[in-house]
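There's a structure below that I have some questions on.
The chains carry the letters A, B, C and D, assigned in the order they are written, with residues numbered from 1 in each.
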């Protein structure tokens, strides 16, 4: 149930409605929009009666939600969410490009790539300190050492940092260093991790699972939102299909599908979504043309010696060339970088 | 094996090499490029020895092909193929938009839609006279009556006509009326039909099967080419996956994948690829941004009463609005309409 | 709509009802069961009113069908269909094993394999004279020569013959030689072929398409039944998925799914369903345990030199060993061979 | 690299070889078989030279492993692994049936179901205390209270308990109560959890991810084995495909595929694998016929009021009827219950 407050309702009005809802035994989540506030009611087993809420003071109307997600639903907010990190906005018309190496390997490597992607116009630096790897014998990331490198490179370049947290035990430490915390495709339904991310003070970049439906992606976002953190960026990164010419099949229809159902922004990862360097440029352009709010792109200055995912990383020059095309397409579809 | 002729080789030189190859017991297919001619050697069970061919007069070199397709391989031609229909080109930098109703229902309906899409900038008219329908009790198309309507609307509007042939028995009749013959997704591996299309004098629009790999799509094109018809346009139209928010999952990575392997042009069908009117615009833009050579779009002036696929057909106004964006994105990626 | 006749209704009674239904502008299909006759009404655009039919003489009741298939629906018949070929039954408790080479290569090869599979207990001989092949340069089958070999081997061994027809042009010729006509996975939605098979006097073995749903499989069977041929055997042969350890993923849940929706028998092809000889035995056992009405198995006496699909063909000894297990499992699930 | 010890090698001989391998900078994992011991060498970046190991005392031979998993590979052990829990064996010819409710709801419900499944012949009790749920608003399990109920019911019935651990934080507590710890499909690539399970003293039941390949499943098992825990049971539970007549598509070819690659046992979950009560019986029979080492089946005494997954739970009577068929099929394929 979504409780829409009257336009001029004050913070006190909202707080009183929240208290009244919680007194009924539900949970209340105020969602502040630009023009009005909505209070979502959750933790409900059966159907609710709008009349029970419409009598509360300064409440304009109560709207039942038909889909199983509430807080991230399109109805919960007037207009799309814009996530702002260190002064840089993403969503609601602002396009953000997140680029960097798959894994943080050294300060030298990370700093060189960060300078290159910044020069080409990237807005955020990506790089994994904790790496989920299929094999226990593969390079698993530098851990906290990697986080420290990322933080140092942020100071040197000014680029905010996006990096992955893999479990509840290290989430707080990652939050200490990162500007945005990534929850990876294999963790999209790691519900304890999602719940802890909901109590975290950092924006969350939530990647779609390789076999997740749009509904499941939004329900996982709802876990985070229900915990109190509504700064969520979704990410399409390819799904598992029979088609073997790419590592995954990038499902760009996820972009309009998410926007029709949710106020959250959605970006695209063409690097994991194809697994092939020679396709990243084409699918990046396509993602922006389809309405994505940003890109998550792997760039490496020496991909042949990368410790992970070299085959899908762009060279800095390729990235710079692609950025010119991205800027032009963004203009066509009414986005600003 | 591909036999590359010297740059100045004459038609007689090529004809002599063709005769010599056929005398060895193989089939020879001359593929004329803008600057030189290649002769493909097929109908071969085992490996061939380049030396057997490099001694022939005016032969520059003989190149073994590693992939199972030969005639449609990228190596078989210098540069991409451009298919020209009634003075309108598609491929090699020229973008073509094919639009119209799913099924031809009447002259009035077809003519109205044709005028609307032409006014919005479409280059070809699509419309089914023979319709492959899952149910034997659904509308199966008007048959020859539908073909006559298409031909009449072509005369009235000047738009060349693209329409489907479903079997070997009616292919010749479809070829009598159509400018481009479509082979649908359910027929991609109808090998007798492909073979007959190879002997046809019309360009063929070959749609990817719902569970076909890129390799299988190219092998089906090879059937047509091996029959002597090299005017082939491929079409990505979505694959079957677990994702249920769209009817199929449009695989835009097929575009760079085809272009890396073949000289044939590839277009995209966002209508069948999503099955949802509200997504066509976004995926159409994405297809062009990804490098597609064209679009195949369903447009209907009264989709709620369409005899098939109304839910995925654009209204004429929606199509016109989309065309403006398509034109702008085409410019960014270096295509001309 | 299904019109259930009273138990003692005579052929004349049924004929009169058929005439009355057709006089209303519909098509009527009598389906004779062991205890009573049902008349299916098709070619209907909108909903029908049971009352319009329940007044007809000797009609017990009129049952609207909710699913889009009518003639092959479970409701259309009391109990499952049993297809009988040359005295050998399949379905309704009788298990039938169809075995033989992928392709007919020579009389010697076909006869040797036929004798071996007959000795091991097979009931039908399979073998392709027309082969759908991904590549135009692969062996395409011996054509009519292959059909003649199959007919000769049938005379020598007494095994009825199952072989594929690929197009409407050769269907009649295949029907002249074959006891059961196979429509292959790539032809499951070749609607002109299905329609012609509906007018054919031979039982049809219809294989599920690689990306076909159960609903689509049943609708394709409905095409055949609507043409007047209700001797239809369905076949699960694996679907396209991301899993690459087999050529396709055999979907044994198709067996109970079909039986819940249709009176038609369903068999399983573990050879194409896995593409691997070492898996055929395990999945054959599983298919029978899941309730399949039979198996379609590739057996070759010299698989390393087979002209097609050698890697998935059992050796005659392996087939014989498997048959012992099949017989024992059939007993457990109440089937007789 | 696998170091095969001579047949009569003593524990001291093995310990000395282990020490020598670790002195070289690698990790050594002794794997005791019935007739001989193998020592697996892991934590290796590049290729190893067998000659470096074959000179060690009492070493028979050193075998390089080509696949990326070592400890769980078929070559690492003579014969299949048998996991024994509280005196009850699973694998290597012993079939085990694990049955019970999806979620533990109360002592009364759990005890009633446990008694029923025990009477029907089940060997283990399953039941979730921590439930991974798509929605944050769904019943999430009773937590430790549920674990206590399971332990009490174990005492009452003698059935060992299988229950899921969802995160590293509660794994130890689950291990305190459970006999076998389940790692669910959504956690198959939760690498921190796998690593901690590797240090756990309980057998692990590892379910295949919904979009995991066989290789990825084995690599996840390798994580657990590399941590020191080689008591691992794999579980096929269905994969995501386009087919919508079941919740997932049960991939029974996973059974022979795993057995060809690994010494670990594999069981099947037909409840989640189909999501439909009316299919569980058929797919359970098929799983055993295909060679599975056991079943994981949901049984509920009041499925219409179950707090999760009621639609796929068998009634106790249905489970008992199925067990008779399972026993008969097990005999055919040479398994003992």
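The rule is simple: contacts are C-beta pairs under 8 Å (C-beta built on N, C-alpha and C of every residue); 3 or more make two chains touch, one makes a residue touch a chain.
Bear in mind that the values here come from a model prediction, so they are computed numbers and not experimental data.
The chains in contact with subunit A and with subunit D alike are B, C.
Ranking B-D and B-C by contacting C-beta pairs places B-C first. Taking each chain's centre as the average of its CA atoms, subunit C and subunit D sit 38 Å apart. Chain centres here are Cα averages; for subunit B and subunit D they lie 50 Å apart.
Per-chain CA centroids place subunit B at a distance of 34 Å from subunit C. The set of subunit B residues touching two or more other chains comprises 211, 215, 239-242, 244.
Contact residues of subunit A toward subunit D in the complex are 42-45, 68-69, 132-137, 140, 166-169, 186-187, 189-193, 195, 209-211, 215-216, 219, 222-223, 226, 239-240.
Across the interface of their complex, subunit D is touched by residues 240-242, 244 of subunit B. On the subunit D side of its complex with subunit C, the touching residues are 211, 213-215, 239, 241-246, 249-257, 260, 273-274, 278-279, 282-283, 285-291, 325, 328-329, 332-333.
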